[in-house]
């Protein structure tokens, strides 16, 4: 909660507009919607700039529907990640206008189309990384960013990367997604002057250790300017990239 | 190397200004300085926006001096990280104007004072995280950023964090540095609308596993908008934060 | 076996009321019931204050039925944890009055309703942690404790926690259940003056490592007053909390 | 901060006794003392029942002296853990009445002797676990608990444990400290009806993995009623045990 | 191959009874039977005292049948471990007299009933460890050992163990099988004067890490006289125990 | 891209045969074929001596068919690894002349039969390692190598290895494939004067850790002359072995 | 405590020779000697066949001297393991007749020379494993076993092992000690018909992981008849081997 | 031992030139030199093409001197790896003509200068990898290979690598040495048609995990044609590279 609001409430108390008890309740109670199984953080967009997002993997169709409906009522955009096709069908029986993207495995509802500004480049090492990349792309678009997709430019055929370097360099932020050993991140990081957000994927076998190997590799990159999010976490990368991409325009608007 | 330069060189060949052989050499050879033990990447600043930085831990005083001297000759700022006081003294015998900061354990030489723009907040959970924080702070200042230090506001006494929240929220980017379990990162991430760069430290004992525990914790944060760099890597966090902080002004200058 | 009983038996031998051979058997043999596949520890309630509990995961419906029947014969309450709906149905074919709670995945039979004393607060970070929380809640109620449920108050929306802090502070013991990075435990621990029992859950993906990340995080908490049980071990947390909650009344009864 | 205080401050604002701005500062700023390198959580005792404790391992003698002096000024007891003899000597040059216990490696200053109530049993498996045990014992005594020490009763000679079982059973809470495989915890847990707090130690070699093996073993104990703290964390165990031991008297005082 | 046989063959060469070429072949080729997919080590019984055993997990029914038939032809006993019921049925279609034990998940064919000597005690901590225990028991009986089964005597109810201690002490070798933390091994090891072979099982959840926790615990046991085999390796434990049990009689026969 | 080609293109620019813009495109764009979901590295054979190989595990039948068709159009041999029988059937519906080898789980199309030179020995420890061995064998044959298969000669029956040693020693390169502890690699390495490429397999259970144990064992071999590839990576071993085997003839052709 | 003694004491109670209270004390108290810092298990030899052994690593010279003196008073042999030369000198100032073996790093005092029976073969892979081997050898000799040392016969030069095979086969039990990958264990295990006790050592570097790699390798050995003790645990291996070696004679003496 | 020799010895027995007993001794005893602490594998050069190499790290100066002297007597070249300057001085007091290379930390004695054939390229990512690289270079030269050193061409400044690509491509085998994340290996592997041997180094900090991160990364490389040796194992890489480099000439000489 912003300090300004705190002061404002205190002033209302001083002016006898509200009682101290009311102020205390205001300060702590209003910022979420209570469901039986969840407390929806309806103040999140105001506080962090982005609405609450529903992580679909651990929830029942009923829980997803309930939270989505509550968000829609407040006119907030709805994003549900990690939804299997089966679960999506069940959710749509209850909330029919939640659109399902089967490649990215996400569900989306927008109160109105977002304006897309700036540019985020999403780069993958291989074809197998595309599902994670699409989770990132769809998230970034919902959050109002232009997205450029550059897929399958891993270092085993490094000329593919060089051919696309001009395109990549036009973005404000770059998301690099790679499994196996994740070397693409270091190579891109050494060639650009933008922030790079690295996403390790669980693509590979044996000592890939379900993505731990590229995760560790990316954290130890010999190139600077790279930060890392969790394995297969396309959503998290897009969230970060969107924050950075919007910094400039937000500053301008101040 | 930028595509524009490539084209430019090719045009010179077409115009018979240089021979093909000369162009080939130009294209591949000019962008570094060859020492006996190192190839100094003198083009890095042009390519990535930042000069080559010397990681001091694995190098002899002779190697550090040599590389620093080569960078100075080209008028590039010099930053050497992870330098013990003993090694610093030996380096200064050869390059006397390399200043040593014993808290941050870095050496610095600037051709001219940098202009500090924007603002990066550096937040630590405890007193023991200060060395890593100062490595970040000194790096960020050298790279032309204003820095605000907010130290020892860990969640065991969460009112300390809330008291400083207004200050933290004024920054464009936030670096959060924490050892033990690293929970401060998630709390900050849930309260701000700026990108947060998390730095795990090796502070703690037993099952802290030399920083692997907060590293994993930060990567799994329930708050979005957080990306992570390597354990104790204050330099890397500052490098990322600087890139983001400079994005706005760079855009403006286009 | 209590020293008092040992002395008592030895006195009977001295008084020729029982033979030495009978005493030896008494001392070691009487305290369990031998089945074909199990030795039921029927003395456990006398010795530790709680009856033997059946860990259902590794056992066949036949084994569960047999042990439950033996416990019922002695008038002991029956608690079977980790029972899938399919297995529960098969067990009920043999022991029809074992009630099944499908959220907590436990089966229960009580000789008579327990008296609920004191208060245990069960706090979860997310909606996905509810199954573990219900295993804890049902266990605590069977063992005679009042339970307050506070679900989905994770630190990504920390105002939800503060709104419930007064309720949490009224309990004698607090169980905090969280997956991902488990930061909620440290925040709660820094705000209360009761013992906190932390339960990491396997909720999360990638480098969550099936709960090892929050487990390690909780063990390294910067807040004091926290102890930890195994991943997803709601039963174990409730058992501990019940022991602590009953301490006061037990002392009074001495 | 307690809800009652919040209300109280708000009432003062309503009564025009303080300005809203003053209230806002009060609410967030007063609860710690700002040093150059630390923010001392002077409200912790009021909030959690225990004063802030100084973890000495990562701090300089100057920092320890400064924080200790600040706590003493407020009449709060001072406890510094993990202090080597060399560092203790340097601290005592500045704060001469901080007593040093070389077995437990802690420094202590008490404004007045604590009243010792209830009883905590501290049980170790071996002689090598004594340093951790004394850190626990000294902490527990400072926090106002009676302590009974039962050392070197590991399961390799289990008759030693049985001989001391009556003594152990008289305590309200039991701390069990063990290295190697940590089996003593499970045996004690199966024989008592009190809460057991388990402390793994880094005693052992090879696949003991610096205490990770007994840590994992204790978390997986087949006995119920056991919770675990970090490796070698005698302080943490005592803190928990003290909280539990004081529960009864606190309840009585309500 | 025994040195005596080598000498014998060399003597035959010297006596011109066989050619050098024939000797070379004899020395290296005769000791196995070549199948398309396997080289059956038919000399193993002569060399190590035990026949080749078929590890069924990674093999097709056809491969198992083929190898079993080859061993039967030479009058060697057949033991196939890790056979699921489905696979057993398919194998029996080809080799009908291979008996299947569904608890131990092994198949057996004996040319003639073995004479059972000495005694091996097989002790488990819980009911869930019985499958591994039966693999051990059946193996030990096939190899000519008397077996005593003592199941479900884990340390959570330690009086069960003491009640059976006399029986356990009558064996020549003791196999202790336990999951979770494996503490039973240390307790037994401290009470007996026979070799103890410890078998960790994958029974448990969360930080049990599929048996790695009891494996590490057993290797770090504070009791001496314990050696360890792989997780769930009932066969390996029985093989070792049989070797030890037969030592005495073998010596007598020398 | 070869330096010679770079020079050649530059010369054409100098001769005004092509424009600089055309050269720039040539240099970076021509070396791959762009599909919707992949950038096929059609220059790989020229650059590394081997065509691009399709890792089938993470791809849909449509993607495999598309890439295979593109490679066939250029007259390049096609190799798809890790294809299940179900997926193979679907791929063959689109590309009917892609042959499927069900033991090796690979699909193959050859523009013309390769000439097989030199010799690679493929040695396995057990019958269960054969699938990995066949992936290696089929790959090596496709790449123009003679292959000798020596299966099931693990060290538990070491005379089987000695009997085949002469055959193994005739190869130019040796691939050794083993699961469990992987000891066969060290034994072979100590007996031969050829390079040995070691392939750990995930055969085993418990503390085999899905092949990490033999992987680590092979990397720590006490015999020299051994290098290691990823777990179950028969393809990678064959690729390396083929490179080495072809060195001699390539040198001759220079 | 043996059941026979329990009965005997109970009979004395029945005969009024001792009071019940005296019996209870006898049963639990007499079996150890209480020092300030240790409870010496003086009954261990009677119970397990071997005296208590002092693990020197975690103890002060004073503690070692005190325990050694107490054992000597009872006429028990004294063995102190893991003693550095410096610590040994300090211990000898107090207990001058404790002999120090600097290769094995153990101290020994024998009331009378042991009779050496049977035979234990101690086999090492390399020269660097000799310290662990000597700890085993000295322990075994103190416990009354004949010892044969066969050092530096690792599989990199496997003919060295074969040359010593006849000697190895004459032992009743074989201890195999190896670092790096530990392959020697599997080779020996496949060639002998005696129990093999494997000791991994921390010899090696990089991914040897301080002995975890050979430890895991030995547990996964493809040869049967192998059991494993902790890393560098020469003492533990000798203790086990001695138990097995003495089995035959003990049986004979029954 | 070669099959030919075996046959030859057997023929001599048949011809009564030697007795069977002598043959048996010949077959097993002759191939090493017995010292007190080592069995020197003097036949290794004949068997594997390379002499026994002394791993200096775990050995005393006396042991190194003794083994070196024995090898010199047989006219074999001597290579001792991992020798600190202090140890080297002590060894030279006994064997004065063993030359010490302080960068590579190896000692060398050559009976006569080796002829250097072919070419091995040794490529490092950074300046800090040079010690490992020099261990490889010196080893390769001793074994008769020409060596080209290309140091500090890591992917953070990838133009340095491209500038040296022509030089690298002239070698027959390439050794790539890198710490941090090891990405250089994948980039080189995608650009060359020679076998690449990858050496991870322990250069880096935090989650580099002493070289485990680049080790895992290299094993998971997306480029084919790469095999890996142990962390920091420059010697092992050179040994492999030498074997491959000599293949061609050996084949020619057949």
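Order as written gives the chain letters A, B, C, D, E, F, G and H; numbering starts at 1 within each chain.
The rule is short, and it goes like this: a contact is a pair of C-beta atoms (placed from the backbone, for glycine too) under 8 Å apart; a residue touches a chain by one contact, two chains touch by 3 or more.
These are the chains along with the protein names UniProt gives them: A, B, C, D, E, F, G, H = 1-(5-phosphoribosyl)-5-amino-4-imidazole-carboxylate carboxylase.
Quantities reported herein were computed from a predicted structural model and do not represent experimental measurements.
Comparing G-H with the candidates F-H, A-B or B-D, the pair whose contacts agree for more than half of the residue-numbered pairs is B-D. Between the chain pairs F-H and B-H, more C-beta pairs are in contact across F-H. Greatest centre-to-centre distance from subunit H is found for C, with centres as Cα means. Taking each chain's centre as the mean of its C-alpha atoms, subunit C lies 54 Å from subunit F.
Centre-to-centre spacing of subunit C and subunit H amounts to 59 Å, using the average Cα coordinate of each chain. Here the spacing of subunit A and subunit E, counted between their Cα centres, is 54 Å.
Counting only residues that touch two or more partner chains, subunit F has 3, 126, 156-157, 190-191, 206-208, 212, 215, 219-220, 224, 230. Interface residues of subunit F, counted against subunit G in their complex, comprise 125-126, 154-158, 180-183, 185-187, 189-191, 204, 206-209, 212-214, 216-224.
Every residue of subunit B that touches subunit A in the complex is listed here, in rising order: 3, 47-50, 53, 165-166, 169, 172, 189-195, 197, 215, 219-220, 224-230, 235-237, 239-240, 243-244, 247-248, 251-252.
Of all the residues in subunit B, the ones that touch subunit H in their complex are 1, 28-29, 31-32, 37-39, 41, 43-44, 52, 55, 57-59, 63, 200, 202, 210-212, 215, 230-233.
Taken together, the subunit F residues at the contact with subunit E in this complex read 126-128, 130, 151-153, 156-157, 159-160, 162-163, 203, 205-208.
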